[in-house]
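Order of writing sets the labels: A, B, C and D. Residues in every chain begin at 1.
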Amino acid sequence: MKLELQGITKRFPGVVANEGVDLVVEPGEIHALLGENGAGKTTLMNVLYGLYRPDEGEILLDGRSVTFHDPGDAIAAGIGMVHQHFMLVPVFTVTENVMLGAESTRGFGGLLDVADARRRIVEVSERHGLRVDPDALVEDLPVGVRQRVEIIKALYRRSDVLILDEPTAVLTPQEGEELFAIMRSLARSGTSIIFITHKLNEVLQVADRITVLRRGRVAGTTTPGTTSREQLAAMMVGRSVQLQVDKAPSEPAGTVLEIKGLVVCDDRDHVAVDGLDLTVHAGEIACIAGVQGNGQTELVEAVTGLRPVSAGTVTLDGRPITAHPRRVFEAGCAHVPEDRLEDGLVPGFTIADNLVLNSYYLAPYATGLRLERHAILQRAREQVAQYDVRTPSVFNDVANLSGGNQQKVIVAREFSRPIRLLVAAQPTRGLDVGSIEYIHRRIVEKRDEGTAVLIVSTELDEVLALADRIAVMYQGRIVAILDPAEATPERLGLLMGGARPEEGLDPEAQEIAAAAASAG
Amino acid sequence: MTAAATTVGAGSAGLRRQQLFGFVYLALAAIIAVAFGAATEPGATSSFELNAPRVAVQLPPLVVPSAPTAYALAGLCAFLGAVQLTRGFGARNAVVLGAVVLLFIAGFLVWAASTRSMNLVGVLQGTLQRATPITFAALAGVLCERAGVVNIAIEGMLLTGAFVAAVAASATGSPWIGIIAAVVVGALLAALLAVLSIRYRVDQIIAGTVINIFAIGMTSFLSARVLQRRPELNNPDRLGPIQIPLLSDIPVVGPIVFNNNVFVYAMFVLVVLIHVALFKTRWGLRVRAVGEHPKAADTVGIDVLRTRYQNVILGGMLAGVGGAFLVLGSTGRFDREMTAGRGFIGLAAMIFGGWAPVGSFFASLVFGFADSLQARLSILNVPIPSELLLMVPYVVTILVVAGLVGRARAPAADGRPYEKE
Amino acid sequence: QGGAGRPGGGSPAAGGAGAGSPAANSPAGGGPAGGSPAGGGAAAGTPLPGAADFKACEVSDTGGIDDKGFNQNAYAGLEGAKAEFGIGEIKFLESTSEADYNRNIQTFINEKCDLIVTVGFLLGDATEAAAKANPKQKFAIVDFAYDPVIPNVAGIVFAIDEATMLGGYLAAGMSKTGKVATFGGIDIPPVRTFMEGFAAGVNYYNKQKGKNVQLLGWDPKKKSGSFTGDFQDTAKGRQVTEGFIQEGADVVMAVAGPVGLGAAAAVQDAEGVMFIGVDVDQAISAPEYRDVMLSSILKRIDNGVKGAIRSALEGRFKGGVQVNTLKNEGVGLAPYHEFENDVPQELDAEIDALRQAIASGQVKPADWYEGAPGQ
Amino acid sequence: MAAVPERPTRPGLTRQAVTFGRGLLLPALAILTALILGALVIVLSDPDLVTLFGVDPVAALGASWDLVAAAYGALIAGSIGNPGDLVGALAAGDLDAFVAALDPISVTLQRSTPLIFAGLSVALAFRSGLFNIGAEGQLYLGALFAVFVGFSFPGLPFFIHIPLAVAAGFLGGALWGFIPGFLKARTGAHEVIVTIMLNYVAYRLIDLALKTDVFQRPGREDPISKEVVESAALPPLIPGLAAGVHWGLVIALIAAAVVSWLLFRSTKGFEFRAVGLNPQAARYAGIDTGRTVILAMAVCGGLAGLAGTSEVLGSNRRLVSGLSPGYGFDAIALALLGRSRPLGVVAAALLFGALRAGATPMQAATGIPIDLVVVVQALVIMFIAAPALVRGLYRIRAGRTTGTEVFSKGWGT
């Protein structure tokens, strides 16, 4: 089906998310959509999918103008979408999730026909090689599989146009490859695909055509053959961007963080970190690479004192750190949490208050029970200037900042004091290249000051760019430790996917691998 | 927030929890032996009547020696505690916990009925009667919350339903019209809740509280201003019990289950019907999706807001029936603030019942039992101050909410307004 | 002496009455206890001299005028006085909290009411303070007696146990199962006095007849019993009564305001069970329950209030206690109505004899609270 | 987007004043609308008037106007009084008349006193992300503790006895607030259900306590406590008006100031608000959310306890089971109306105090049941909570939306 968007404009209070966007997707084409954070990609797709009504412009399908009042209309017209944030009900089974909204029923009163739906799901998944247990509960599935469920959901409804909004953000490179294979096979059978990503390599690899959005407008359309990563990046940001972090070789000193035999359970009391050992030295950046859901979140929470430890020890400069975030903070550990708005900031508080969120009780911000407003405001003004937080006033609510600026508030808070250890989880998730560049530079600066840095990231590019040492985490353990020089994306991807470490690893990793093998 | 983080299920913690329960069981055994067994007069017997008044088949009363029976129960309880301490029951933990609670209640009953006779069938009949309005309230809660709307206004809906049922049934002379009126007004109040919380995105608990205050104020005002002057408007016919032939002659069960008024039968039907509808039909799947992940439901073309409106209003109608029961199926008149917290207890039953109709019904029975037993004890002059006995249902509610809500999972989007854009 | 003279009192709806029809209390409504000591004489509608300028005012306790009992019953007295003596104005103020009492009384003092009627023991302190501060202002207080007497306050109290003793005797005599029952709303003295008198009646019957009729819901020895905990939850009244019936009781007296009517509903739905009303003749005030209403215990608050108004009108007002007893017909037992033919002649005669004995002081209810005296 | 790094400035004074004025407009309209609807209720609930409308609409309209005017006139006269009297007394130099003319205001202030405490309790809870429906029960427990100290230690000098009794009242309420806080923090039990249930338990507990020898007044068999001795009693604020406003009001205003300081100027308040707005981030920042919830609930309970305390030490000097006409429930409305700001709560409490004070004269004058006030209050909360309703009604443009405030987040955790 040929899809045309003509002159789409969508405004939100205070923001023009899309402005006169034109986009043509030919039948059987894989069309990549690129752009900075907030460029308006998701908004445009939501307009196409009937979630938003455009303020101006129209949508043409095979030349016919259509109006979608809700996603139901879009689905009926053959449009399927895999959303940036999964749209799956965790407590439902795969079958229930897939059939939702397009249920098979039998008999009287709309009784569900689960058997029929299951049969059709198996059919779809076999046709496209999307293996999944139709009776599993979605909350029990790893992210990669959930992604598959999302795709099955779209295919189950026989989509002619398939929108994939950042589908690879949570996949290993290998899983990404599998997805590309599926995309190509779908495209061959005539499905049009719109593919959104921040990963320039992927775009060049899989897309037939590329449209770049900048600040809600089309910045240009091109093809992989006629462009490069650098050109794409410049098109997105509007200036040339340095894609590689400049950093000197690390000079590791003494051990700062030492983790031994750590066992941590997740919210549902399943073991998530399973006897993990790791050391991080002063002046080095250790990166934990791994697919989301392999215990990284629990590991970080345990190290920062947010989650009780079931067994094992964590020491900072030789002193054990207990399951209390404040003591960990006072021991000199800074933490950039995975989820900015959930963990790192208090929306509803001003920027100034958020900047003292974990030190409000210390001098000079408080004497006894009394908060020292002046000291707090003064610090806020200094840091807003120093870290270039774009805001009219420190009295502004952080909720009204853009994502990048919110992250800057956190970085300012965590970086602007002497620290021994920096723990950062997905420090650049969802940020655009400009912001990524900025944050990476700050992290390397910290390292050079002699701080031990532990980064958890699912982005291989980030891991490869920052790490002085790479630990691959799989199912709650470190399965390999690599020197970035010898790590390739392919090898990392294999390890993250659970392949056994090959020979040639460094000695510590071999030991660990051996231990893991004997324990398991 | 903290609940999740503090429960650690791995090895050592699990062991501690198991031991804790073991000690609790042993302590309960000790209480049964000392407070219930040793406290009875030597040689006294406890007699339990198994007949309802005027039934065809009469059973002999169950008479047991008080102290020995209590000691036996204590022994059994102690045995379970010892096993729990040493080996644990693993997956059957919940069953054992239930058994211990039953042993404790049995011990208590033996003590309470010592030197007296207690009509067990009566206690159970009372249980069902008391559970009825609570069940209606809980069903209303299930419908609303499964769709993601917290309805704390059920109390007010019960109260208004009761008022309107009394007036409409009195004015028309037909209790059926009273029920219909209560259903309509329940729906109207629910629609107000829905508009406030869905359209205007007022915090749902605040919207509910507003409706509760409004309902109390309005019914009290009208009761003083209108019913006071026109008492004939507060004099409806009641719907009496209907004996189901044959079935009601079954000993013990018959008089309890098959000799009730239409409200109770309607409750049975609705519990099953709503349960099936919620978990086995397309409608139910969509409702649950809306309550768990409204955005996901939206993206597959389900109208989230409409589903919520619809369910809240359906819930209001059920609450209206519950209110009508209090007047037309029970007391035959309206009095200010006559619901006495039953709506809130219904919410607790809903939580206890895991947001499922059948579970809520059984939870309501637990509350009904606590209440029924409490009244029975005061009738039998068991030497506990009436004020303490009257606290029992409320304390049970607190214990249930405290003990179970951590484990029971509310619909994920419960209480959260949904914004389409 | 029964409850008379002791500082007893009411509460919101302490002795709950019927479905809110004050008619059940007015002489025209057929209240069988006849006139009260002071109020019975005047023919309806004949204004007394000076009545047109008279202003009588009532301050309720927190129950409100529509409490179907107590406050309402007192107001019926005001209305009766208006109708019978032609007094010029009657007023009413409802208290919602403790803090209202002083102010409401003060409001009426400022409004120059001739007589202020305060209802219930909750107002005891406030009335005392106001009376002492305004020695010229006349007060009457229901269910409260001051010791020592305050010269400008008339306490209207009731020896209700005299009447409930008759009720207890009647219940015991009519019971086929040998079990009768009573329960209360809130566990407070005026409610308890009802129940104690009832127990006295049962005990007296057992002694006289050598029977062993059991009383459920009240344990005279421990002075504890069955209470629903409030005067609102009618459903609870019904449920408690169902419990009594299941335990075999076939006569039930509920001392619980509107909650008592929930009890009547339960009685009506059972077979062969009878109900004894309280406060007013409930066969008249709640005619829907006529078929189960064996009799009612009458507590003529209206007459007491009317009497106080009349004495003030006629210049005979004096402070002290005005005890309403069987003898002066301030309390009593209502007719049997539907049960007229079911109550055996002998039983009726025995009750009459007991009434005489109590009125003459031969039998004192308090002696029989816990059983036959001297046992 | 537009990267204009404007330097931090505070909004100017005039801007603040305008914002403040705008802030008052909606509540004022909400109250007005509620009163209009209340008038409608008055008219429609009068069967005679309704009948008259069918017969002679014009006369009925006139009669309705008269009735409503009489009712609201009495309401106002009973709550604010007659300014003319005040001026007249002042002009004549008649002190007694002046004091007498102050009476309605004095009563309004007296009624406002427990409302301020209870409103602060619920407001503090809101700020801490908690919904305290249990102010009513906490109030009773506070009263119980305070009255005990109040009658127990005769002979203490008042400057020791009063603080002691007040502290006891705070403690009693705090205990009743601690329970739901503890259960929420440790088991996840939702405070809404627990506090509602604890209200019922508190009623029974008071009934029970008032039957014990410790509390019951000797020589009395009804549930009434011993009299608070003079040294523990809060004296009247206006000499010559014994029944009106007392020193409890001063304590209430101090409490409002303290709560304001606590919330916005202290580290504890920082914790309360952080936990209220985002418990997860608060935890991340090292705040012990469980302890904070417990402390917040206990303080809320204590404040509500002071409502009962001021009643027993100031207005009544004894405890009976009918102490509160629902102050604890009004408090929810107050916190909403005052937008959970202490100053706002005080203002709202004055309004509700006036409604309560005027309700009795309204009943005296017209016989309209005082429950009308409850209906009006419910309507006020509704319009405050859903400002869009009022805006739509009066066609007011929406200001900058500050987003919907969600006070409570479902049941479990």
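Going forward, a residue touches a chain if its C-beta (ideal position, glycine included) is under 8 Å from a C-beta of that chain, and two chains touch if they have at least 3 such contacts.
Predicted model only: the values in this text are computed from it and were never measured.
Trainee: State the smallest step count from chain A to chain C, taking one step as a move to a touching chain.
Mentor: Minimum number of steps from chain A to chain C: 2.
Trainee: Tell me which of A-B and B-C has more C-beta pairs in contact.
Mentor: Of the two interfaces, A-B and B-C, more C-beta pairs touch across B-C.
Trainee: Taking each chain's centre as its mean C-alpha position, how far apart are chain A and chain B in Å?
Mentor: Between these chains, centre-to-centre, one finds 45 Å.
Trainee: So, what's the distance in Å between the C-alpha centres of chain D and chain C?
Mentor: From the centre of chain C to the centre of chain D is 37 Å.
Trainee: Quick check: how many Å separate the C-alpha centres of chain B and chain D?
Mentor: 32
Trainee: Counting only residues that touch at least 2 other chains, which ones in chain B make the list?
Mentor: 4-6, 224, 385, 387, 390, 409
Trainee: Where in chain A do residues touch two or more of the other chains?
Mentor: 306
Trainee: Multi-chain contacts in chain C: which residues touch at least two other chains?
Mentor: 64, 66, 187, 229
Trainee: What chain pairs are in touch here?
Mentor: A-B, A-D, B-C, B-D, C-D
Trainee: Going by the contact rule at the top, pick out the chain A residues touching chain B in the complex.
Mentor: Per the stated touch rule, the residues are 12, 49, 51-52, 70-73, 75-76, 81, 83, 85-92, 96-97, 99-103, 105, 109-112, 153, 263, 265, 267, 269-271, 306-308, 310-311.
Trainee: Show me the residue ranges of chain A that touch chain D in the complex, using the header's touch definition.
Mentor: Touch residues, chain A against chain D: 13, 15, 38, 215, 304, 306, 324-326, 328-329, 335, 337, 342-349, 353, 357-358, 360-361, 366, 369-371, 373, 377, 380-381, 384, 388, 390-395, 399, 402.
Trainee: Under the touch definition given earlier, write down the residues of chain C that touch chain D in their complex.
Mentor: So the residues of chain C in touch with chain D come to 6-9, 11-12, 61-62, 64, 66, 91-100, 102-104, 106-107, 121-122, 125, 186-190, 192, 229.
Trainee: Which of the residues in chain B come into contact with chain D in the complex?
Mentor: 1-6, 150, 152, 196, 200-207, 209-211, 213-214, 216-218, 220-222, 224-226, 229-230, 341, 344, 347-348, 351, 385, 387-388, 390-391, 394-395, 397-398, 401-403, 405-406, 408-411, 414-417
Trainee: In the complex, go through chain D and note every residue touching chain A.
Mentor: 1, 3-10, 265-270, 273-274, 277-278, 280-288, 401, 403
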